Amino acid sequence: MVRLVDLRVELAGLELRNPVVVASGPLGVSLGLMKRAEEAGAAAITLKTATLRPREGHPNPVVYELPYGLLNSMGLPNPGAEEMGRLISEAKAVMRVPLIASVAAQSPREAEEVAERLRGADALELNASCPHVRGLGAELMDDPQLVADIVSALRSFGRPVFVKLSAHGDWIGVASRALGAGASGLVAINTLKAMAIDVRAKCPVLGGVYGGLSGPAIHPVAVRVVYELHREFPDVPIIGVGGVETWVEAAELILAGATAVGVATALRRGFHVIGEIVEGLRAYVAGEGLASIRELVGAAHR
Amino acid sequence: MYVGSEVLRAEPVGPDVVRYVLKLERRLGSSPGQFVMVWVPRVGEVALSVAREEGREIHLLVARKGRVTGFMHDNVREGWRLYVRGPLGRGFAVAKGTALLVGGGVGVAPLIHLCAALKGAGARVVAAIGLRSADYRALAEDLASCADEAHVATEDGSLGIRGTAVDVAEALLSERHFDFVYVCGKEAMMRQVIELAMARGVRVEASLERLVKCGIGVCGACVLEPLGLRVCADGPAFDGDTLTRAGDFGRWWHDAAGRRVPLQP
Amino acid sequence: MVRLVDLRVELAGLELRNPVVVASGPLGVSLGLMKRAEEAGAAAITLKTATLRPREGHPNPVVYELPYGLLNSMGLPNPGAEEMGRLISEAKAVMRVPLIASVAAQSPREAEEVAERLRGADALELNASCPHVRGLGAELMDDPQLVADIVSALRSFGRPVFVKLSAHGDWIGVASRALGAGASGLVAINTLKAMAIDVRAKCPVLGGVYGGLSGPAIHPVAVRVVYELHREFPDVPIIGVGGVETWVEAAELILAGATAVGVATALRRGFHVIGEIVEGLRAYVAGEGLASIRELVGAAHR
Amino acid sequence: MYVGSEVLRAEPVGPDVVRYVLKLERRLGSSPGQFVMVWVPRVGEVALSVAREEGREIHLLVARKGRVTGFMHDNVREGWRLYVRGPLGRGFAVAKGTALLVGGGVGVAPLIHLCAALKGAGARVVAAIGLRSADYRALAEDLASCADEAHVATEDGSLGIRGTAVDVAEALLSERHFDFVYVCGKEAMMRQVIELAMARGVRVEASLERLVKCGIGVCGACVLEPLGLRVCADGPAFDGDTLTRAGDFGRWWHDAAGRRVPLQP
């Protein structure tokens, strides 16, 4: 007997039907894929990170599969903020779940220009953590003041602003400054900086040389980052991301302090994983004799 | 997680098409219509259909297109090491009965693998092969010799009838009954064949190409809108019904930055 | 036909019969285990990290097994430098391979006191990277000047000094300062900061709450760190550590720029893994038609 | 990677020993002599021998020793959830013929599991059980009822003969032939039994306890010098020959910091 349980959560003003969100990346710039994710049960969709101008990304190979995760070196390919904005308008017309637009920029000015074009989205996420693109993404982690300034700029659009953190660098410090500048929530973690070398070819495999490690391998790292962020900032909503393959990893991140969880690499097994995670969480909450999943957020700290 | 391989043979089968026969370190285990990503270290990686698999050997038919295929044609000879990941994607449904295989140019590649499987399953196979000219004769050989019956058309009439694979297919579909049509080639050509088959109530599958980056369904590069079909993971083989609902089919393409651009003919 | 190949490498003056070294930790403080590792083929032994005073470490559970790695929260248990020094003297009398003593300290003064007692070892390794002990280990990564000062202090014992880096923090910066202060080589990486929560018990599993992730999960991160270190400091010997389970991962680290590789988590499968890695490397070097494994060090950069 | 379990029963089998019967979420699959690490969330984790395994149920015999076992005795009742990892270590060699099982106090735990396996393998089992007093009667029951023949000794003579398990074992070994001796208890006791058996050329195995931290052989906490034997991974069951060469056996112990300290008697 599965009891009636309430999976809804509120995330910096966004009303989510359950805590499972698609993380930035796997859906590329496809409305069709967004719809498939929504139909599979996702409670919100994060768009592919957009830059001001179009980017082709790194040459192939862009991924390297490992038994316990995935290395990717996409290099933030995207059609630029202008086209991403058009996609968002189209998507808003047909999607019922909130859309979170992901922004990459090197200055507050640039971030504003990007966000201006993405204003149709329900929330903005600053990608301060992409490990395989020079100048964009993770380099921001070294400059907390810049992150704060970009957050201030993004705030002006009247949408919740999330900051996506890397597990490298001083994420507590960056989070603290970003929150001080008005960020509404945090997303953690992005992929870990990594690479692969083929021992026969004797050279790096990825076209971009460096890549980001995702999937099960990084899950224990994500749990730790989310746990510490929640301990430092107990009132701040967090989207926990990293190695969520089943409801178990999702539950771990929620217990650590995440209000919602993001899924990326697991989608290589198909969109059905989203529904499986949602239903698994439902059974878990019921099995624990609770009425709402909200009671579990941060419960591992108690 | 690449499987290493050695190039056993690199033989031109047309002015700008090379057949590579690779010996892999271990069996690939592909089904017809699946593809592999072939990595040329320090150069790049491209999607290629498995044209044949026997033991640890696979055949690839590679058309010169751009950077990586150009490098392969110019440099990759017998004895080279190539790195393969796969098999990837979802291949053709292998049906019984009588099948019509329609291949345009290098599009015959997955059909060769399919033909062997169909024959193995006891099907009768008729092939309709369109080539630019008789110079591509060797490209058609494998499929022609596998099929129970093969019809070749060339654009200039230098081999077989003058015309396209569509012309051949249309004639065959008009005069006989087929249980299944499989097609691979340019999208405009595939569109026409799908229409011909569906008009006659014959089940049809087509194998598509799009810009493939990850090859495993996690990046969205190869998507067909508005259905959100990933060629690399939901395909490359799709049934005709699905493709008629995929507006992009035959019309739009996503470039490397994900911009929607008109499909080159 | 396996050709005769030369597996010997030289590591900051240490002559190693092959590149496979036991990393700090798994052998605890046991001379018997060191001998077993030597017999299994190890070319050098790193001792458990020693602190000035004895430490009991964290309470159980101290490890959490994952399909793709291991979380440990040992908490640097060790009998203190005095007893470790006695162990080293005993060991030097019976072991033929070099011994590397690992030092944890919070100040140059303390490091000197520790090293004074460990001077029987063939080399010293400064543990600047243990992720689960407050004040010792990874916190050093935040203070490159302190690392440099400790390295200077350790240099006075006339032994090669290695610095063991974390993949968190500014390891390039720390390495650069450490080398400036006279460090002879680098060891990378230590475990990644991580943790596990049990979803039924709804609390952290490890007695020390936080732990370090090791094994296959961290291997691509280790490859990247070693690759970048070798690019920055091409003449500096590196011991590459992280997820070496077979000769393949060992070869990857060597191609990335490591002169030797360290093994820890793989030993849970038994000491025979050391011999398997050594023999695998031998066959690899032979298969590539090379005479010496030294030709492969850093080869992925060429 | 713990297996969750529910405490089905927690029954005292002596003044400071409790038998816990756990129902696991899935089968453990232990062989006799193997152990598990039992995690009591927010309290700690201890090594315990599997005293019996039937389907998804396992038995543990837990002596009050310190922090964790004390907490268990005081709090862990029917309905509690405990978390188990294992089976860990290398257990006893299950031999054929006639076996003598010598257990001191809670040391009977692994012998109960072993007895069932020996009986299953067609062996004849004689048990020699040493207890402090008749108050521990229940602790001896499982082994006594499994064995073909059981002899009990108590230190105060309140049950069976007055004396120790060693006294019983010595008498039995002097009067009959055994193919194998298995012993578990205090190390001083085990040393004596091993000597008795080896003097008569009888194969003998003993199950050891040491301070176990990781339980999987990666930390060195449980080591016996000078052989570098890890109780958790190379043992806990060792043969007599190995133990006579392990100088620490019966003499030295490593404390939590890894200091070598005399073994408490």
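A, B, C and D are the chain letters, set down in written order, and residue numbers restart from 1 in every chain.
What we mean here is this: contacts are C-beta pairs under 8 Å (C-beta built on N, C-alpha and C of every residue); 3 or more make two chains touch, one makes a residue touch a chain.
Source: prediction; values computed, not measured.
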Apart from subunit A, which chains still form joined groups through touching: B | C, D
item: Rounded Å distance between subunit C and subunit D, as computed from the means of their C-alpha atoms; value: 36
item: Between subunit D and subunit B, distance of the C-alpha-averaged centres to the nearest whole Å; value: 65
item: Centroid spacing, where centroids are CA-atom means, of subunit A and subunit C in whole angstrom; value: 33
item: Chain centre separation (subunit A, subunit D; CA means) in Å; value: 50
item: Multi-partner residues of subunit C (each touching 2 or more other chains); value: 66-67, 203
item: Pairwise touch network: line, ring, star, complete, or other; value: line
item: Those chain pairs that satisfy the touch definition; value: A-B, A-C, C-D
item: Residue ranges of subunit A in contact with subunit B within the complex; value: 25-36, 48, 54-57, 59-67, 70, 72, 74, 77-80, 83, 198, 200-201, 203, 205, 207, 264-265, 267-268, 270
item: Residues on subunit C engaged by subunit A in the complex (per definition of touch); value: 66-69, 71, 167-169, 192-197, 199, 202-204, 210-211, 213, 216-218, 220-221, 223-224, 227, 248, 251-252, 255-256, 284, 296, 299-300
item: In the complex, subunit B residues that touch subunit A; value: 1-2, 4, 37, 39, 41-42, 44-46, 68, 81, 83, 85, 213-221, 223-230, 233, 254-260
